[in-house]
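Next come two complexes built around chain A: one with chain B, the other with chain C.
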Partner chain A sequence: MTPEEIFDKLKEKFGEGKILRLTLPSQNGFDVCDPFIDVEPLAMTELADFLKHDKDLAFDQCCCISGVDLKDDLQVVYHLFSMSKLHKICIKATAKRDNPIVGTTAHTWGVANWLERETWDMFGIKFKDHPDHRRILLEEDWEGFPLRKDYKFPRFWRGMEVTPEEEEGTYGTQD
Partner chain B sequence: MSLDGILEEGVITTTVDGVLNWAKKSSIWPMGFGLACCAIEMMATGASRFDMARFGCEVFRPSPRQCDLMIVAGTVTMKMAVRVKRLYEQMPEPKYVISMGSCSNCGGPYWQHGYHVLKGVDRIIPVDVYVPGCPPRPEALLEGIFKLQEKINQQTIAKKLVV
Partner chain C sequence: MEHKIETDFMIINMGPQHPSTHGVLRLELKTDGEIVMACRPFLGYLHRCFEKHCESLDYLKIIPFTDRMDYLASMNNNWAFCIAIEKLMGIKVSEKCEYLRVIVGELNRIASHIIAFGTFGLDIGAFTPFLLAFIQREKIFDLLEEASGARMLYNYIWVGGVARDVDGDWLKKTKKFCQEFKPALDEVDELLSLNKIFVERTANVGVVTKEMAISYGFTGPNLRGSGVNWDLRKNEPYSLYTKFDFNIPVGAGEQGQVGDCWDRYIIRIRECRESIKIIEQALEGISLEGDIYETVPKNFNKMPKGEVYARSETPRGEMGIYVVSEGGKAPVPYRVKVRSPAFCSLSILEEICKGVMISDVIAILGSVDIVLGEVDR
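Then we have the complex of A and B:
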């Protein structure tokens, strides 16, 4: 299926409120970018279920889940691929920064369990109804979410120096 | 030696220090754990081409209780630092530490923007020999082991010398 067909199919099933818009590479000035569909973050759970089990879509592989810090919003990007139909699509769910919650897809794709935990670990995006909502790489008592733009490096962690004194203030924010 | 000619043939004399140090330095058993890319070079050092066995330290032990030497080979992340410290504490005396590679010497490429990396393993455990490089070649690690052997040779049971 082409991205347009996928978009129409989703829109027909879930309506305009949940499936927001389709962006093709030619439309946003990046010709190398994949076509992507913006969706309502909390609709992700049922959407994932449909994407995988509908026999025309059959997105049986979730290649990657990433987080993006857009300053005002936080975004989760899903790259999906269908082994049987050999088509792919990219889904983007954008949530508000002050309370970012996205529906989990861990019940649909097994790999999403860990990928979503990593997104939580690095960006602090919560996944509603995730079966095992813990950090995955950092320890549970780590403070803050390191890949957010406004992350400040801690000076100490469990008594160990994270930021050497002479470097304090030069670390962290990359903008 | 002054006792030559008094003792029977086949008997040699030495000092207690000499014998102990000789035993220690000729069978340094390292701990078999690697933390990042440097560990690959450590494995190469142990394998046939560079063959650490020539110097008595090929027996990589899986348990800290049986080790004399901890080769900190690679990036010490904050999460791992807690474990490295515990492993060090579990090793029996006498114990030695080689810090291998820029990462464990000082944080290396993670000096800046590395919120997850300890800036030098010597911030948590005492280090005997530093081997610089990113990664150090196996020859460099072997040189580090020779330096450690030299250092062990200078020890005395009276007092651990700080060189």
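Then we have the complex of A and C:
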């Protein structure tokens, strides 16, 4: 199916309130991009279920889940692929920065469990009804979410020096 | 007097410093005697903030960092990243460079598979095949060192080209290696594949069904071991892979069920043979004329605004690179995300390690072939 057909099908099923818009390459200020659909973040759970189990869509493979810091908002990007129908689509769920919550897809794709945990770990995006909502790469008592653009590197962690004094404030900036 | 004897579950930490975890991975096993009731992996011991570093580095400076993700297949990592940036910038790479990339990429794939089945044998208790295979791995490293200047971390594939040219002598040496490698692989194959002890330990152990494999993000040899005929080199061809004639080995449950550890193991042995086929065809096709820097961009000042997701087949499966670029004069990417195949494959561990023996956990972990550098990034 082409991205337009996928978009129309989702819109017919879920309505305009949940499926927001479709962006094709060279639209909305993008020079290069894969076609993507913006959706309502809390609708992600039922949407994922439909995307996988509908027989025309059949998105059985969840390639990648990435977080992106858009400065005003936080975004979760899903790259999906169908091994039987050989089509792909990118879904974007944008959540508010002060309280980012996105519906989980871990019950639909097994791999989404860890990929969502990584997104929580790095961006602090909460996944509603996630079965195992813990950090994955960092320690459970780590403060802050490192991949956010406004992250400050800590001087100490559990009494250990993790940022040398002379380098404080210089990490994460172009030299 | 009546005594009631109760047994209790025992929590055992396997790792992080345990040779069969292939790096620093900790598994928390809840055991009832020899049976594992639950297995919880803990990662992050090798986390080096790759994605955070990318946000403050030029595009070219990121390539040496990709070497250090999957340090057993650095060429394929360089390549995966370059494919993404070339897609973003719309660069078409010259044919000579593509041939060179295919040759070094497949050589590195063999070197990586040697580690995979060598250490898998080692985990099970077979020491000799590991040593025999390492002789061949050393030869591959000599070839790659001559081409790139480094043994393991190459920084060889650049955006739009490769770092150094090769000469006719190198091609001859590579050809000679291909001929020598085939009997050496047969030797390992004979020693290990149908060894009764090895088959008993791996057949019918850690069975992953087709549906489970796709759902849990298995890719590459692991996915094919579960009986799915899927290889990005064939199904979504990039570079020059349409030009070559090669087969995709798929697990068929020859010793037990489809998708068991033995299937995942034998796929890697057979893939080495296919890689040799590809290298031999590429050596026939390559022409040494032409400039390798022809399509290398002079600078990265005019990046388009946008985002790409590019995936390619590394020895561990499908590596996806998601790059967001702000465009304009920004010399650094806004966001880089790596979809690491080993990270995704490892996520199945919790699911398939329920109710197996402790020794089987080691067999399962070895057969999935993880590299912790890539899992933690």
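Everything below uses one rule, namely that the second predicted complex is superposed on the first by the 166 of 175 C-alpha atoms of A that agree within 3 Å, B and C clash if a C-alpha of one lies under 4 Å from a C-alpha of the other, contacts with A are read in each partner's own complex, and residues count from 1 in each chain.
Quick note on the criterion: a residue touches a chain if its C-beta (ideal position, glycine included) is under 8 Å from a C-beta of that chain, and two chains touch if they have at least 3 such contacts.
As the structure is a computational prediction, the values presented were derived from the model and not from experiment.
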Superposition-derived comparison: chain B or chain C, residues of chain A touched: C
Touching partner for A:W157 - first (chain B), second (chain C), both, neither: first
Partner chain in contact with A:E167 - chain B first, chain C second, else both or neither: first
Chain B versus chain C as contact partner of A:A93, first or second or both or neither: neither
A:L138 touches, of chain B and chain C: first, second, both or neither? both
First, second, both or neither for A:A48, with chain B first and chain C second: neither
Touched partner set for A:P146, first chain B, second chain C, both or neither: both
Which superposed partner A:W109 touches (first chain B, second chain C, both, neither): second
Touched partner set for A:G29, first chain B, second chain C, both or neither: second
Set of chain A residues, in rising order, touched by both chain B and chain C: 137-139, 146, 171-172, 174
Parts of chain A lying in touch with chain B, wherever the complex brings them together: 137-139, 146, 151, 153-154, 157-158, 160-162, 164, 167, 170-172, 174
Of chain C, residues touching chain A in the complex: 43-44, 47, 49, 51-52, 55-56, 87-88, 90, 212, 214-217, 228, 230, 304-309, 311, 318, 320, 322, 324, 327, 331-332, 334-335, 337, 339, 343-344, 346-348, 351, 376-377
Chain A to chain C touching residues, read off their complex: 25, 29-34, 60-64, 66-69, 77, 79, 83, 90, 109-111, 113-115, 118, 122, 136-139, 146-147, 171-175
Touching residues on chain B, where the partner in the complex is chain A: 78-79, 81-82, 111-113, 115-116, 118-119, 123-124
